[in-house]
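Once you scroll down, you'll see the structures, which are given as structure tokens.
Okay, so chain A shows up in both of these, paired with chain B first and chain C after.
Moving on to the complex of A and B:
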């Protein structure tokens, strides 16, 4: 009898998992459809296309932070710095070595990945708040280096005339074609995050985030995992930075500041940590809001700050925690006694 | 040699300001286990409150120093019931994010209230010069050094000799045990915030007459304070003071002999080195 009960339970669990997987996949498919449908409606307007591409950049950057903050529970204030390093690496490599966008893009991925491992090794092992502090330091140092290493970065003036990417012999410029390229990159990130959340690695990350001691006890290599995810997250930010640099054509150090890091962090908080769809929506809301509410823009940082405090105090699960959205977004999160978030949702 | 001595003396005097600025941070970290990312904003707020007080009343610099300590102290203690008390026991992530949000609100709030243009906090000692042989000492820096040492001494006596100080130490050691012994956790936490705010405001009012004021002036001070706290050992008052002096002298030498404008790079490179080599800091008890 007992085996039957166990088998019943097992069937029920796998049935639930299959259902949740199906609904999450559906949600991602709908999201992909929406992203690819947007140029059909606003493709004629250069301004609207620019707003749309900006939204994609923010969404990709927010997802890169979501990986390390939502999945691994590590706060990083250096996301803008990795974004900047990706942008500069890509622009400079393309400029000095004549390898074009693709060479620069690969270089940006490798550079940010390696740098994150080097910086993560001493700090991530310590756990606690040290990494958060170190990432702020990193953010400041990197911006400082970009400003002062004038022989390489051209200082405050930045780098101009960054080449546009070429694909199958066609130059991709601003507008619909570039939008589609960034959209593919964003969806690649989303699928990667989704894949990670459904594998053993995802569950190990979850265990690391929720109960580090217990995770260690059952043999999860906590620090190695954290460093790997930190590096992967940095590389995703770096790749996004590369796409941004070759889109916008000129970059300067002031773009990649702590404010940008904080903005992206609020996007993840608003969307709900570890919620892939939620974070995409959060990024879209926070990109479009200041664009259309000019009155808001002067108070933007105060509002972002207030958003961080209020979301933390009252809505720790962000948009993904709202009951109305929960069904459409996917499987609901289990509530923790401490008010934290459990579960990784698509 | 004379140039070298001048750099060391400058560093030593600035070190008083570094130590004072970092003490409030280490206190909150050590006692309440909160990493306050809004720390730099207290420093800036302190200077701006003094600026407004002197501008509105025409009263002197020292009175402004005291008023600023009281105002920022009261503000900081109000943050405990408003934000941080509610997040107690929910892990470190929420307090990191909330204090970072608070920092954005405060820094941008200062910009909205006082404007982004540089302003100057007047102190009668900035133009004073003391000569010790061939070494020149700025009067304001000398004042920073002296007042910082006085305040550090006062803090030490307060923590070691008073009933509230004892409660703070109990809370730092063991929250549950402290509660069982009748310590009012909420009041003690609010008092710790008040002390932290007042000390940091004092550091801002003392150091900033040497430079110009802008709303973001606290960012760099906050970052340096993090480096000092980690360097000295989290929660250790003596370690923090020592680290403040070592770091300031190191920076003064680096600025003098290497390149200028690399203050943060020096501070954070040192901090990351300390994290790798000796995570508990100079005098810390454990990571």
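Moving on to the complex of A and C:
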């Protein structure tokens, strides 16, 4: 009797797991389709294309934060700083060493990855709110360095005339071709996160996020894993920064501020921690909203602040927690989609 | 063969001697009870053995390997699993995911191989799924596989902790009050489970419930004020003057020992 019931449960749940795998893959396929179809609808409006590319940059940045915050539970306010380091590294390397965009891009990945390990070693020992505060410190320090290390960064004036990327001998300039390049990068990040969420690494990260002591007790090397993921997250932000620098052509330190970090953090909260599709949608909403509602734009930070409080208190699973979206945009494993406190929105 | 050797283990918290020169061994295949009044140092002893705390002095050897001062995750990977007195599940994950998370830590395939979806990594992950099902069936949680663990009834949460510990395929398992707060029939289930475990595992169990200690343990070690005051067969220990004194002298229920 007991075994029969258990067998039934096993069959039912295995079936549901298979379905959830299928629906997650479907959701990612649909997302990819939407991303690649957007240029068709944008047409030849440079303004709309710029909005579309900006959305991709924000989505990529939000996904990079999702990795470390959604999966590993490290609330980081330093994402814009790594984005900035990536942008500056890429621009400067391309400028001084004549290695073009691709050399700069690789340098940006390596620089942000390494820097994150160096900065993560002392700070990631901290837990919870203390760690979050330490990342605010990192953010402020890194931005100040970009601002004041004038001999290297040219200070407040920033760096201009950053070269456009070349692919197969063709220069990629603002417009559809650049959009597609950033889209490929975003999708690469999304596929990486999806694979992580489905495999060993994802489960061990979630264990770390959920209960550190228990994670250690089952053999998860918590500290090493946290530093590695912090570094990987920083490298993804850095790569995105590189793409941004060579897209926009000129950068200054003011872009990479705490406000940007907070904005990206709200995107993750809105989308739902560890929900890949949710965070993409969250990023799109928060990029497009200020673009189209001038009134919103003026009070943006007020709204983001309020959003941070409300989402944390009442909707810890964000969009991914809304019942209607649960099936299609869950974070992929057999877990309640998107994580969040179970039952809050049930 | 000796599975666990604890020698002259001492742990100070400021001026408090939580453990004071404790020495004992657990042989392979044994089920040993660790008992004592509240505050005797039982959980501290577990924490030191499992690497959650570093001892002030003394050594811990696991199957002949000196693991003193090792980190908890390293000790776990060597084959020591534990449950927590204050339940420590992964609350937002389902029962299945809780146990699967423990199982994947033993994979031969590394993180990158799994992320890349290499054939042998996929195959290994699939075999783990049946390990999870078997473990859940063993503790009687298969039907709850899809339940978010924080929504489980209390008794089931304790079973989940045991399932998660077993999924790491340990040689030694440390159970910290596995039947705390359970009724008689639930306690009987856990006792039956511990009896099943002993064919493949060595068990060290902290428990206040004397029916369990007397029912499943081959040997009982008694701690009081951080010191070992008795070590022997349950019947002998039960009649030990110092043990009776320790329980009666404290504010703990005297009937426990009666």
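We take it that the second predicted complex is superposed on the first by the 312 of 346 C-alpha atoms of A that agree within 3 Å, B and C clash if a C-alpha of one lies under 4 Å from a C-alpha of the other, contacts with A are read in each partner's own complex, and residues count from 1 in each chain.
What we mean here is this: contacts are C-beta pairs under 8 Å (C-beta built on N, C-alpha and C of every residue); 3 or more make two chains touch, one makes a residue touch a chain.
All figures in this text were calculated on a predicted structure; none of them were measured in a lab.
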| request: Examine A:160 and indicate which partner it touches, taking first as chain B and second as chain C; both and neither are also allowed. | output: neither
| message | Quick check for you: in the superposed arrangement, does A:133 touch first (chain B), second (chain C), both or neither? | response | first
| field | Which superposed partner A:171 touches (first chain B, second chain C, both, neither) | value | neither
| request: Go through the superposed model and pick first if A:218 touches only chain B, second if only chain C, both, or neither. | output: second
| said: In the overlaid three-chain picture, which partner chain does A:199 touch, first (chain B) or second (chain C), both, or neither? | reply: second
| query | Between chain B (first) and chain C (second), which, if any, makes contact with A:207: first, second, both or neither? | reply | second
| said: I'd like to know which partner A:312 touches here: chain B for first, chain C for second, both or neither. | reply: first
| remark: Footprint intersection on chain A (chain B / chain C) at 339-340
| task | Give every residue of chain A touching chain C within the complex, in rising order. | result | 2-3, 5-6, 9-10, 13-14, 16, 192, 195-196, 199-201, 203-204, 206-207, 210-211, 213-222, 333-336, 339-343
| query | Okay, in this complex, where on chain C does chain A touch? | reply | 50-52, 71-74, 76-77, 81-82, 84, 88-94, 96-97, 100-102, 104-107, 109, 111, 114-117, 121, 125, 129, 133, 136-137, 140, 142-143, 145-146, 148, 150-151, 164-165, 167-168
| request: Report the residues of chain A in contact with chain B in the complex, numbered from low to high. | output: 73, 75, 77, 119, 122-123, 126, 128-130, 132-134, 136-138, 140-141, 144-145, 148, 258, 262, 265, 269, 298-299, 301-302, 304-309, 312-313, 316, 338-340
| note | Residue positions on chain B within touch of chain A in the complex are 35, 37, 83, 86-87, 89-94, 96-98, 100-109, 112, 219-220, 223, 226-227, 230, 259, 261-262, 264-265, 267-269, 271-272, 275-276, 279, 287
